[in-house]
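My questions all concern the structure below.
We just call them A, B, C and D in the order they show up, numbering each chain from 1.
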Amino acid sequence: MADLYTFIMGIATWLMGLIGGLFDWLTLHGVGDWFRSPGPIAFVTVFLVALVVFIVGFLVSITLIWEERKVLGRLMDRRGTQVGVLGLFQNFADGLKAFIKEIIIPTEVDVWAYNAAPIILIGASALLMGLIPMSDSWTLANINGGLLLVFAIFSVAPLAILVGGWASNNKYTIMGGMRAAAQLISYEVPLLLSLAGVVILVGSFNLGDIVHFQEANTWLIIPQFIGFMVFMVAAIAEVERIPFDLPEAEAELVEGWMTEYGGMRFGLILLSEYIRGFVACSIAVLLFLGGWSGPSFIWPEIWFIVKIFIVFFVWIWVRGALVRVTTKQILSLGWTRLMPLALINLAIAIGLRMFGVI
Amino acid sequence: MEQRSGLAPGGLSPEDIAAKIKEKFPSGVTVTSVAPHRVFAKADRGALLQLCNFIKDSLNFEHVSCVGGVDWPAENKMQTVYHITSYANCATLEVVVDLPRDKPEVDSITPLWGGANWHERETYDMFGIVFLGHPKLERILNPEGTEVFPFRKDFVTGRRV
Amino acid sequence: MAEPKKSRKSPKPKLIMARPMAVVGRETFRTSRGLNRPVTVLYPWERLVIPDGYRGRPALVMDKCIGCHICEKICPTGCIELIEVELPNKGKVERPQVNLGRCMICGYCAEYCPKNAMIMAPEYELAAYSRQDLIYDPFKLQYEDRPGLAVDIFEIKPSEIGMGSKGKSIKTAPPGMRDVPALEDKKCISCSKCEKVCPAEAVTMIEVGKNEKGRPIKRPKFDEALCVACEQCVDNCPKDALSMKEVK
Amino acid sequence: MAEMWINMGPQHPMTHGLWNLRVKIDGETITEAEPVVGYLHRGWEKLTEHRMYPQIIPMADRLCYGASMSWSHLYCLTAEKLMDIECPERAKYIRTIVLEAQRIGSHLMWLAALGTDLGSYTIFLYPMRERELFLDLMQNLCGARMTYNYPRIGGVRNDVPANFERDFTRVLNHFEKKLKDYEALCDESTIFRMRTEGVGMLTPEDAKNLGVTGPNLRGSGVDYDIRRDDPYDAYPDIDFNVCTRDGCDAFSRYRVRIDEMYESCDIIRQAIKKMPEGPHRLKPPRNAPKGKSAWAHVEDPRGEGLMYIIGNGDDKPYRLKVRSPIFVTVSASPVMLKGYKVADVPSIMGSVDMCLGETDR
């Protein structure tokens, strides 16, 4: 496949030519020429690329939801969802249901912050999708500090949770929001430290460079196995899945910080959770599992998505096997277990770099 | 862990318990009958707390199984029925206390056994028997503010209260 | 007691979470292979096999019913009511009507029915759109009388304990297994009410003499083989002259 | 954050049923707890005063849907004492078998509920799957799956069906393998241990004094089991272990129940082997003596169930009093909860096996 931009620019040029032709037919030649000029074409190209990336990311995310439902069903000796072919339509049915539900805003909430929290959350998550390259050609934004930016945006979510929990004016939601903040300080440091090893070995924050480095040398899971494990644990905590879903621990806090959300707001929150899961899996694949590299009989994008599904399968497996931890335990886990491991991993990376093994 | 079967070594048989109670309380408490693992007794209202103190301290009765009430409008009395179990002796003592129906008051045994707390509250809730010295004698199963005592026999069922 | 058995040891965690994940993974593998399907049943399309003696809704075999009111009396929720229906060859008779909205499917009506007219039908899809639809009149209540649906009860009398008896069916009514009404002669006023209400035709009024006015003095005689112990005569006796005599 | 009261209930995922746990929290630490019950009060004891003796049996099933057999059995036992009859030997053994099967079923439901409380739906679904096997056995036996209406005053409803012994043995053999899976999922999971070990401490003294009974009491190390210490039915003839743990915490209570399931399998096997031939049902008297009282207690899956009954000379009881084990255990919950975190509430309350049907009656 050609470069995503080139490909879509071709479409955009054709589309704008069509519109320009329409205006030509209306004898408005100046307007037609303006449509065919590079500026509007570039604008439409960027817009279309964003749309395509969003749609693909969205589809992958809801397929992850489907995978979770089916695999979790098999883990628990049941069938999982049954709507449509293999249960694939369940997510669309859920989305439709959430969409047509009545919008209920409780009286005592802080309306602006209450509405802002899902928007921040879904906005930040959608932005993340744009930062993930799926292959050399499928790159929306090839930034040199890509990895840093991804994690900067990742950390916006706890803020949204805190805001939403506080604005909902409910004791459960406040506790959920506070837990999100407490959880943040426990996993964020080991998470970033586990990435530092990769960055030291590769010498770049650019996600494309990291993959190219792995194509040239070896998948970084081999020298950085400890880092990979730390990353997996911390990433599960980052996207708040069982066993680390403290902010929405439904046994004690009803639905945690999202107790007061309903309808499409709740749907968006749930969707953003899976988009973040998709992004976190992508980072794991990009950093440790060779990104889109693989035998070239199929497209690299497919390899990439297949790897994401495999990583997500491990997450589902963990979710099926384990129970939820408490705040105290995640703090102690983060600081006394993950942190030293991440530091050891960092030392290994520095050692490898110093002695020039890789 | 060593398993014990039936009566623990050093435990008292129901006959022993009955004898000790008779010895300690020549009046006020009557032991009506004895069966395997069971002792049946009747106690006066005033003697109940002493009896309970005695069986708790000297006879190892550690557990209140049940406190219940019975209403006898025909005989113009109410009863509270206590089932108190001893883990060490594997025996249960049933104590029946008669109360006058117009002023059903009896000493609470909650200070001795915390397990009697909610049973006594429930008996108060259902029969209006007042347990003197109970830490929190309030409605428990019926909503706060109920004015009737539904388990009394003169309570007319089938109407909303 | 024999030598004390050792209490079981709680297995200690090894490798943090390896064993739980292994167990769950094994289940996944087991349920994902083609022939081993998950245990859940896709209900409207797949159904479980119902065993013999399954207690579904109560049902009526119209031919066997004698209208004895036993089911009405024993029903703990009071959901059975005997209503008058017109039957082709019997005229106006009383037959049970069941309010399934109240029924708690305890099976007492089938268990106590002396003629096996009430049975437990293996039907479990009983939802209806209105409460009125849940009231099953005697005709709606009917169900095909298959062997195995009737509840047969085997009891022994207290006096037979230890005599090697395995119990007799109370449905086929061997004489002496059921309570029978007993008459208190002084109270009887010869009104023949008991004969009229008896559903099993077990009461016959026998003339025992004449009173001073020349009217016949009649006393009921109970046929133990026919009596179903329904207490209709006891309940309907205007002078409370009848009571049930318990078999011991 | 200042101290505040939180209502956990009446509609809350932690409550298995309708009750309200009011906790006062300082940050996330519980400083005070106050259980509020009564949302499910049906006046059961009053209702029985208007029912004939056999009619109360299916009602007793409704006291607890998880362990309905043990409640109707307790009622029949009490009524037998009141009417002064004794049920035939074979019925005693059948009762013992179904009671133990019911105990396993109830404990499995408790384990499932504990699983959801702790956030693992796998621990919810696996026990539910095996519980289904026991429900199927009961269904073969008496035709119903949850509210069995099987014990009768003076015996049991019907004799055991064909292949009863084979079915039970097969299910038990399968089930003991599956119990190992639960142990792997729970005991061998570090997180499960972290969640349950050392929380909800209930010292033996407190447990005795507060009237906590059953597995919760044995989880505090008190060696008392009514099946052994005041035996009823066929328990005197059966050799079994009373499972105790000294941990006094939620994990001990969990472990006692798992051990009890193993023991129950053993008891069922022994009872099937020893079951004599003979009648299974006695014709009960119609009326009970006037003014006579009787009581019986059994080891319910949740603790000590006790019924006290007074006859009235006719076919209806004068008064029937039920002692529900969970009613008392709930009253002891403030002691268990104080000083722990909000996140520990599900594991503590999940470990005591709540059942509101019998609590509120």
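Methods note: contacts are C-beta pairs under 8 Å (C-beta built on N, C-alpha and C of every residue); 3 or more make two chains touch, one makes a residue touch a chain.
Quantities reported herein were computed from a predicted structural model and do not represent experimental measurements.
Greatest centre-to-centre distance from chain C is found for A, with centres as Cα means.
The pair with more inter-chain C-beta contacts, choosing from C-D and A-D, is C-D. Chain C and chain D, compared by their mean Cα positions, are separated by 28 Å. Rounded to whole angstrom, the centroid-to-centroid distance between chain A and chain B, based on C-alpha atoms, equals 64 Å.
Separation between the centroids of chain B and chain C, computed from CA atoms only, is 39 Å.
Separating the centre of chain A from that of chain D, both taken as means of CA atoms, is a distance of 46 Å. For chain D, the set of residues that touch two or more other chains comprises 122, 126, 129, 185, 189, 191-192, 241, 244. Residues of chain B in contact with two or more other chains: 1, 3, 5. Multi-chain contact residues of chain C, defined as those touching 2 or more other chains: 1, 4-5, 7, 17, 20, 23-24, 27, 39. Those residues of chain C lying in contact with chain D across their complex are 1-2, 4-5, 7-8, 10-14, 16-17, 19-20, 22-24, 27, 39, 51-55, 74-76, 104-108, 111, 120, 151-158, 160-161, 165-167, 170, 177, 179, 244, 246-247. Those residues of chain D whose C-beta lies close enough to touch chain A in the complex are 1, 4, 6, 8, 12-14, 28, 115-126, 129, 185, 189, 191-192, 194-195, 341-346, 350. Put simply, chain D touches chain C in their complex at residues 51-52, 54-59, 61-62, 85, 88, 122, 126, 129, 132, 136, 139-140, 142-144, 147, 149, 154-155, 157-159, 161, 181, 183-185, 187-193, 239, 241, 243-244, 255, 258-259, 262, 277-283, 285-286. Chain D meets chain B in the complex at residues 37-38, 41, 43, 45-46, 50, 206, 208-213, 222-224, 228-230, 241-242, 244, 293, 295, 297, 304, 306, 308, 310, 318-319, 321, 323, 327-328, 330-332, 360-361.
Those residues of chain A whose C-beta lies close enough to touch chain C in the complex are 71, 73-79, 82, 317-318, 320-322.
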